[in-house]
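Common to both upcoming complexes is subunit A, partnered first by subunit B, then by subunit C.
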Partner chain A sequence: MATTETVTVGPLNLDLPRFAGGMKWIGVFGVIGVIGTGITLAGAFGGNQDAWFSYQAAFAFWTATAVGGLILLAAHHAANAKWPTAIRRPMEAVAGAMPVMLVLGIPLLLPNALSAIYPWYHPEKFDAELLHHFHGHKELYLAPGVYYVRQAIYWVVFLLATEVILSWSKKLDEVGGHEFIRKTRSFSAGMLPFIILAVTWAGFDWLMSLTPFWQSTIFGAYYGAGGFLAAIAIVTIACLATRSDRSMFGYWMTKHHQHNLGKLLLAFVSFWAYIGFSQLLLVWIGNLPEEVPYYWIRLKTGWLPMSTFLIFGHFALPFVLLVPRTVKLMPRLLMAIAIWVLFVCMVDVYWMVLPALHEDGPHYSLYNFTAFLGVGGIAAAFAIFRLRGRYLVPVKDPYLVDSLQYLQPH
Partner chain B sequence: MAHATTEPTRSWILAEFTHLDGLLSACRKMKAAGHSDIDTYSPYPLHGVDEALGWKPSRIPFIAATGAVLGGTGALLMMYYLNAVHYPINVANRLLISTPTWIPIMFECTVLLTGLCTFFGLNALNGLPRPHHPVFESEAFVKTATSSAYWISVTVPSGEGDQQIMDELRAVGARTVDLVKEVP
Partner chain C sequence: MATEHAHAAAADPLAGVPVLLGNHTDETLTDTLFGHVWRKPGFGWYALFGLALAGFGLFVLAIAVTLYKGIGAWGNNIPVGWAFGIINFVWWIGIGHAGTLISAILLLFQQKWRTSINRFAEAMTIFAVIQALVFPVIHTGRPWYAAYFLFPYPSTNSIWPQFKSPLMWDVFAVSTYFTISLLFWFMGLIPDLASLRDRSKGKLQKIVYGILSLGWRGSGKHWHNWKVAYLIMAGISTPLVLSVHSVVSFDFAVALLPGWHATIFPPYFVAGAVFSGFAMVVTWIVPARRFLGLKDVITMRHLENMNKIILVTGLIVSYGYLMEHFIAWYSGNEYEWSVFVNRATGPYAGVYWLMITCNVVTPNLFWFKKIRTSIPAMWILSILVNIGMWCERFIIIVTSLHRGFVPSTWEMYYPTWVDFTLFAGTIGFFSTLFLLFMRFLPAVATAEVKEARHEMEIGHVHHHPGLMKAGLPEGHAAH
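And then the complex of A and B:
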């Protein structure tokens, strides 16, 4: 069971073993991942557009989740937050999937993918009016060469931030002390603006440019908020699922940490709804011919049920459930809510991507499922694999005691 | 009045502690002795008093939730009536029932009524506003209750073992013990 506020662990002398398990989960996720990704990519390279769009959606979702984990981690370091120390490792694990996300994203950089997914890759197919608009405003930004340069910048930012923070975390496990905590704090604070700008532009590039004549300045924040929420959900699930094993982070998660995870879920479910609604409201009020189609497709066609589902499933239901304090303290219920939130975050990205392909309504295909399961499976297997050989609690972190003694203010 | 009132008068037994631990053990002891009207006073946030006195969770979340529901639905109905029934205006050919534009006002009204219900509900549950309270009659209480000490009050019908309760409170380490009696 989770420790309580009377825990006395002494100054940082936790004799925990290094993590040597997880092979079962690596196997399960790895097999799901390879099969799912294999089927999806085979379909995609065979010319199936559903496969390409599904793969794009899955890649965008899981990358945003990894970036969300990175932001969560960097924000806690930058704020010198002591309470999450005991449950920092799952945040690092989520961010740690970053390198494999780059590998999984490579097929989407190939001309086949750009050609199948993005209308701006073939400007010659636009009618005269659109082409005029394209030449006037978007031609340079959406030129493939410039697109590639931007991708390189995003990945440099994401990978640099992740790998530096993770390598210092590894060093901290060996030497302890304040040196690496301090370094990570400065580095995180410096990198956060770049990470957030990169994920904003990545959202523009990967998802918003699916409809190249529609734009919303808040779109990147919306995309990033979904990924951030998914990352919090995964951390919550991971902590709650490992409560019985003393060598795992979940065992060291107190009810006060759990309460905080519940509060973060509540806050970012609300944040997602706030950003999503702001975007809709601005388009609604503006009523501009170039902005309306995005919502017309989602509200006036077969996509309406999914849009309605998102309002209730992604906001109203988890919001109402997460408001009472007692719910945030019930492990099973909180776990169920976190799994649900992770699921609706996937639906949200699906809802952003697939209407660009099927404007009349959802056409479910096998690839929708293989893509999300496949990319997610590989990412999860890789993230767990990276944890092997590490302590699952930062045993030498000077703030571990503070974290374990953290009390919820009330 | 010439005739005595039939209502029994009450006594407030007050005890001052210098540490939270003393206050908590006094709370537990008084609770165990079967006294139901116990309260605590301190300038500091008191962790653990609710548990020591066995208080049930506050009813304020339900009052706040009532405010939230009333505010949200009230604003929705108000805007429906104003914009779609009583004085419909065609705004750039948008729908008369233009829900997205109503949501900010629904949100504001939800927050407003939640806040008002919380504020007034909290005051009502606490019996406020109340300009005077019998415990203010104790000079020792007035001196430190709002600046430095931990106080407990036990309210009992007058004469029912006042002295015994005072002795018990001294026994758990009270620095000062005082008695306030209601005048019939």
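And then the complex of A and C:
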């Protein structure tokens, strides 16, 4: 039952109900999530490597997306931005999936998973030359005990940042005023460096170490950039999908906010391409035996079509489409582009993970799909569930008025 | 309406100092912001200008010695075939980046505070790029032949530039950068030049400013075209913020030298460039706002925001250092790791630790609002950043070159007096151009500040779709 409470902020009398719906979507996503995750994990524990790698890719993708949402939220707070106030809730929702991501990540910490996925878990299988390279720093760094300690650190950072920001957001809904905004701004600014370091090293651990003799200093930024872009895409989709319901954030999104979401998509599609290009160019032109295998597998085998697809699908196409202002202002088209961007971000993580298993080219399996849909379904269901009982617009935020009267320059 | 807005601002306890102080009208703004162009400069300006000219003299001297004696007058040797020349080139190019960032990216981000400082920073970009270009051109040895090496025209001698070399890419990147920055800066100046033409008393001034203002009459059509062109220029400049220093970073990163070949180089160089650029703006703007009487227009809000950008970009630079060091260690590549050990403990360790102090440690003081808003603190910290960023280029270039893979090739590098003189000379030349700029052109984009003032005073009288949804009549600014 919706409880209607009139909230007064300045001249605004927003008689918005607290969110009591979403059960249909929680049900749909939950069922997809449980079935998908169930099938994938059943296959994985049954000894199927495709299932383990798919699960690892899906986990890495959706966690990066939740972290991306957290960075988006924290960065807007840190920059004292007022314009996104009306559409802040979907950013919080994306970040809010964080606790369930930890739970979903637990199977990947089990010895079965490490053994199936990471070559460094079995150094005894390396030949003499590789073993020689492995001895020393890498052996120490990639020892399972040290690996677990690092995972604990990442999750403390992610969960602390998310839960503190979300709990203050809840308090703000109750008491209003400037105090919680001030605290959130300072806390967000202070946490951002730690979140970014944590996601960088998580990228090294989860994805880069799949190829234990390959390394790239920009890898963490590449991984983080993909998750950040996916988070913007989800926020855009969520806002556009809820345009007609007055109690939802989408209704309060003006065309000026929508334009900004389109611009953010454009900017971070370009940023992803910039980071990806930097890495590719420097590895390709250097042509060093210890660096080049990563791209050799992706460019000289059956993986080439997917690599080419990423250049066009992840960059060229959305870039060209998002440049004109008119496109960013067309809700349906922007929605289609955001869904596409979310999809290509998934393909990107798949492309980072699966070549470590199949060096000759893609071997598509059912698990590829069940894993992404399963982990994503549970994350989405949990994120929507957490919104229940909240106002979907920060009704007592003192900057809601500023956000609603925000205008693009003319 | 104006008072309503004033109340709203006062009611926001988290709002900082406004971007415009005092009760200004268009007229008082014209007088304040053009004042330094009309006033006869005081003793201070002449003293500084004399000092800068003396520095420019050093510039001429160093170039004369270099041309007379050849590049042998510099401390370059084998293996350090590339030292002060490229260090100073990268340093100056980096300093220019604040201007491009402010003109382009902050405009697209709708950061209104940029209007008070963009002119200043854009001028800095142009003057800094001029200094940067001196080094590679002189380093060709015989600059009058530089065209053979640098510009791709079909030579009768079949000498073509090496298109696979990032140095070649640099020629395109930097020349595009210079051209666009100059056009952007000049376009922004046109309305102000027209005001100067109309308001100046001297005949010569009227003629010169008249020619430069290209027949600007301030009609609606002029403003419309100007606005469209300005936005297009901002769009063109935005990729330049990233591309120029990315290409500069390729100069090093495409090589296979330990310490250079790192994929993080492009974004980390860009961040370093913006870091040093903003530091240089703070270094100059702190005294300039005082001596040119611009405190109402360049307020603590501007200074604090710039310091925040210095903090953020400083953290990105630190992130770059961390990635380089970590991956060098993690890779287990002895050559890579030994470069980093050598940087921290070798013969140039002093420079390395100065770099770490100035770029990683001291910028973190800007976390504290008290320091961010303290004029002496920010001025000192900004100078430290410029020192730190110079040290960074020294460390990257010299330490990677001076100890190669085989110890028999190891050699120390020591700059000569000509190296130091040329570097000091570019600082003199830069200061000369800057002081002339502050003497003859408005240091603040006056037309844009006036526009910003009108917006603040009159408020929004547009449709507010968000407020209409909340049941408020359209056009009502809610406060």
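Just so it is clear, the second predicted complex is superposed on the first by the 395 of 410 C-alpha atoms of A that agree within 3 Å, B and C clash if a C-alpha of one lies under 4 Å from a C-alpha of the other, contacts with A are read in each partner's own complex, and residues count from 1 in each chain.
Keep in mind that, in the parts below, a residue touches a chain if its C-beta (ideal position, glycine included) is under 8 Å from a C-beta of that chain, and two chains touch if they have at least 3 such contacts.
The structure presented is a predicted model; accordingly, all values stated were derived computationally and were not measured.
By the touch criterion defined above, A:R388 reaches neither subunit B nor subunit C.
Within the superposed three-chain model, A:R18 lies out of touch with both subunit B and subunit C [touch as defined at top]. Note on subunit A: of its two partners subunit C and subunit B, the one contacting more of its residues is C. Once the two complexes are laid over each other on the shared chain, residue contacts for A:P324 go to subunit B alone; subunit C is not touched. Contacts of A:I275 after superposition: subunit C is touched, whereas subunit B is not reached. Of the two partner chains placed around the shared chain by superposition, subunit C is the only one that A:H133 touches, whereas subunit B remains out of contact. Contacts of A:I285 after superposition on the shared chain: both subunit B and subunit C are touched. Comparing the two complexes, residues 281, 285, 410 of subunit A contact subunit B in one case and subunit C in the other. Touching subunit A in their complex are the following residues of subunit B: 47, 61, 92, 94, 98, 100-101, 103-104. Taken in their complex, subunit C has these residues touching subunit A: 12-14, 108, 110, 242, 246, 250, 253-254, 256, 261-267, 315, 319-320, 322-324, 327, 329-333, 367, 460, 462, 464-467, 469-472, 477-479. Residues of subunit A that touch subunit B in their complex: 277, 280-281, 284-285, 287, 324, 410.
Contact residues on subunit A toward subunit C in their complex (touch as defined above): 10-14, 80, 86, 133-134, 136-138, 141, 178, 181-182, 185, 190, 193, 196-197, 200, 204, 215-221, 251-252, 254-257, 263, 274-275, 278-279, 281-283, 285-286, 288, 290, 398, 401, 403-410.
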